[in-house]
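Residue numbering begins at 1 within each chain, and the chains themselves are lettered A, B and C in the order written.
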Amino acid sequence: MMLQINNLKVDFSTPRGILKAVRGITFNLSEGEFLGIVGESGSGKSVTAASIMKLIPTNGLIKGEVLMNGKNPFTMSTQELLSFRGSEIAMIFQEPGRSFDPIYNIRKTFFETFKAHDPAINEDESEARAIKLLQEVHLPHPEDRLGNFPHQFSGGQLQRIMIALALASNPKLLIADEPTTALDVTIQAEIVELLKELKRKRKLAVIFITHDIELVSRLADRILVMYSGLVMEDNKASTILKKTHHPYTLGLINSLPTFGNHYSTHKLVSIPGNIPDPVLPGKGCPFAPRCRMVKSECSMELPALNREDGAYRCIIKGPKVNTENG
Amino acid sequence: MDNILEFKNIEKHFNLEAGLFSSFGRFVYAVNDVSISIQRGTTYGLVGESGCGKTTTARMAVGLYTPNKGNIVYYAQNGKIFDSGNMNKQDLNELRGKIKYIFQDPSKSLNPRMNIFQILTSGYHHSSLWPGKMKARIEAEKIMLDVGLATEDLLRRPAEFSGGQRQRISIARALIMKPEFIICDEVVSALDVSIQSQILNLLLGLREKYKLSILFIAHDLTVTTFFSDRIGVMYRGRIVEEGSALEIAGNRVHPYTRLLYNSIPSWKDEKHEEYGMGDNEVSNSSEFDSGVALKGCPFAHRCKFKIEICTEQIPELRSISSGHFSACFRNGEI
Amino acid sequence: MKNFLRALRGRPIATISLAVLLILYLGMAFAEFIAPYSPGTSFADYSYHPPNVRFYSKELGLRPQVQAHAVINGITWEYARIQGDHTKISFFVKGVPYKLFGFIPMERHLFGVGQNSKYPLYIMGSDNLGRDLFSRIVYGSRISLSIGFIGIFISMTLAILFGGLAGFYGGIPDWLIMRFSEFFILIPGLYLILFLRSILSSTMDSGQSYMVITVILSFVGWPGTARLIRGMVHSIKREDFIQNAILDGIPAVSIIYKQIIPQMSSIIVVSIALGIPGFILGETALSYLGLGIVDPAVSWGSLINRDISTINNLKNYPWVLSPGLFLLITTLAFNFIGDLLRDVFDPYYKDRR
């Protein structure tokens, strides 16, 4: 296993009390694997991803263990951590425009990035490597555009450059936190295509965070469904949709209208209710108040992770099927 | 046909320069010659990518912007006709009582310092329909139940609600003055998938109950196809294809529409092309620049089927089959 | 409010400032009771008398008492202590009768040496006419401390009125209002004050000059705040909920003053706290120049004016600076509280829920 995450917990201290953003997450990732993380807003996807790189604000407290090729970022010195980020794991974010320094042109941005890991590099070498990376992410005419500033690129182009920068020091894992949410559908499709290609050519492992289970099921090898700081279901992308084990995953799938369906002929099934308050998540299954299959035991204690046929956190055994036509 | 709202050859450009030099300034050509007719009791879906002018078009319908060219006509239930080219302030206020606009982001569209009752009634209070506080209270309670909230919630403040609940409040706020027409500008875009379907179902129910006509703006095609009767696909301030939702979903004609629909990831739809560029209709993405006046087909810079005439002349909407139009010189050939 | 108390806990300076202001304003309300003498009571034999309160002597032991002094030079007003001559300072003593708050007749004062003592109590020394400086400071706070509130009230009202209209309507109203306010900003404040003051009649009673000073200071103060408010109104107007209000047909004035301005209440509270010292100092400057409060009325500014007129005075009678000390403490306290409020209302502070 390349990446092992054992019982990761992240608490934030807030004026309202302790906010349990991540409540004990365990998963593994092997080399070249494409993992999708989906879940409701506030379910702890971004916090999980950021804590793998130990990028948590000061009011946060991380517990548990992360092992990346045997190295644990939580026990590293600041110096080691800096080289760990980038050379082992790189990250890209939702809004590419915000991750760039507006006063640096692209040439300079690349130079600074290379220099951070290889202080001896000169500008010519940096330029040659930058062009190669930009070609790899299919930015048209990279040699002409190195002198341009971030605002002269479109959102999709910036996201490509962002990916090229993330690849600068050959990471083994790329974490993409909603890299396409801020982009238009047509551009989104191109970025997703690019990530697939990189995964194939570079044997790059990818963690892809999104709201869109439909999108990620087409991309990922495996899918992790998160809810209220917990993994609700963890399974192969190809089976999770046909043999869904968790009622929340099923609800998520049903909530999406199928392309081509029309209100006059189809009903849209929705999950009633809202996510629990992360400060007071309650003791039982966090999905219990919204679950169609809820039993009285559900709200007594947190269901254990059931490890048959993938993993899922539900007291009702076996795959769940739609009870309503949706 | 019984139309409720008609946009007639609407154009709108924004001035980027303000003040003295404005007449020499640069313009953003947001909407270029758009004509849309919406039938009473139906839902019209407007789709297109960010910046193509959907919001601008919708805002002109309620007089938040004035069109530079063309006019917008609203046919009220009571027979009164409102024409944007010829309306005084009183008419505008009356019109704004009949058309209600629901904004995208529920966390921004509710005044954080008011309680829900005040939010629902602040506009109502100033209108000629105001029934007095007691009656308004009863109506507000009824609306709250209609949108799936509790009557006690009237005394709480927006910050105490989740995103989906706030969007319900936005909808309640729009409905309390009994409009005939509502504009939903990306009302589900900011919401989670599981909440999105709650709101869509709610809107479907209310639409039935209140006999509403709707202009539904979204960039999600699956949702728009599901929710609308007719769809207009917009690109760079122009409608490039228009037809009934199911017709367009099954038979997309314009190269941009094809690109847009092929970008939908859909594992449920077995017939659908493989995810991604599919049959590779588009060479290379470059986003459009709405700062230049349109010359030629708005999509020409990305279109793989482009021929010489495409960059010289603007294609008009032409009929493909009954009620289905596309603005492409190569309709039928490709 | 909860945020405010929480922020207060971690900030001793702000807590002290709050306490200091509380004491000063209580002193202002109960001036007659707290001051041992009325502001006009003059002991002509004791001009420029140094402070004479002691807390220990052989005769009376450890208690507050007055150490008697005698004049040894009637021209430079030098004094010498009279050994062994001490008078007890007692609390709640009978003194000059007065009406508390203007209607409760009383004759007790918080402390004093009693009515039959010929030798006065000077906590902070006396001025050129032998009047008790402390009493005059306490009475002077009525003008000095209230002028800040009244001034900021007037200038804030103007700022909200004009800033709100300009920001909401934009276009021509905006242009007119902003040029009008720039007119006030461009002229250096002090010249404007001097100009306005000098065209007004110079023989005014103290009530009139108080009014005139506040109005003048408010006129100089509003444009800066108005520009701030205009900018914020302009951006809040684009928020969706204000667009909603416009679409609902709510009248513009109601939108501006009932929906937009309340969104900025925190900024307004902070600028009030930070603006008050400006008015207090403005009054001081005017009075110091002899254009503000003049005898028989007292304000801190007029006290400074009278006494710090020559360097020699300062050298020989340093206690005449004490009104300035009060001034300094008050302005600092308002500034610290303004900073505290700014932190409390800082939007990021709230976001960190």
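What we mean here is this: contacts are C-beta pairs under 8 Å (C-beta built on N, C-alpha and C of every residue); 3 or more make two chains touch, one makes a residue touch a chain.
If you're wondering where the values come from, they're calculated on a predicted model, not measured in any experiment.
Looking at which two chains touch through the most C-beta pairs, you get A-B. Set against the Cα centre of chain A, the chain with the most distant centre is C. For the pair chain B and chain C, the distance between C-alpha centroids works out to 57 Å.
Annotation: 31 Å between the Cα-based centres of chain A and chain B.
One finds 58 Å separating the Cα centroids of chain A and chain C.
For chain B in complex with chain A, the residues that touch the partner chain are 49-50, 162-165, 192-198, 200-201, 204, 219-223, 225-227, 245-246, 249-250, 259-260, 262-269, 272, 275-277, 282, 284-287.
Residues of chain C that touch chain B in their complex: 239-241, 243-251, 254, 259, 262-263.
Contact residues on chain A toward chain B in their complex (touch as defined above): 40-41, 140, 154-156, 184-190, 192-193, 211-215, 217-218, 241, 251-252, 254-263, 266, 268-272, 274-275. The part of chain B that touches chain C in the complex is made up of residues 62, 64, 93, 96-97, 100-101, 103-105, 108-113, 122-127, 173, 177.
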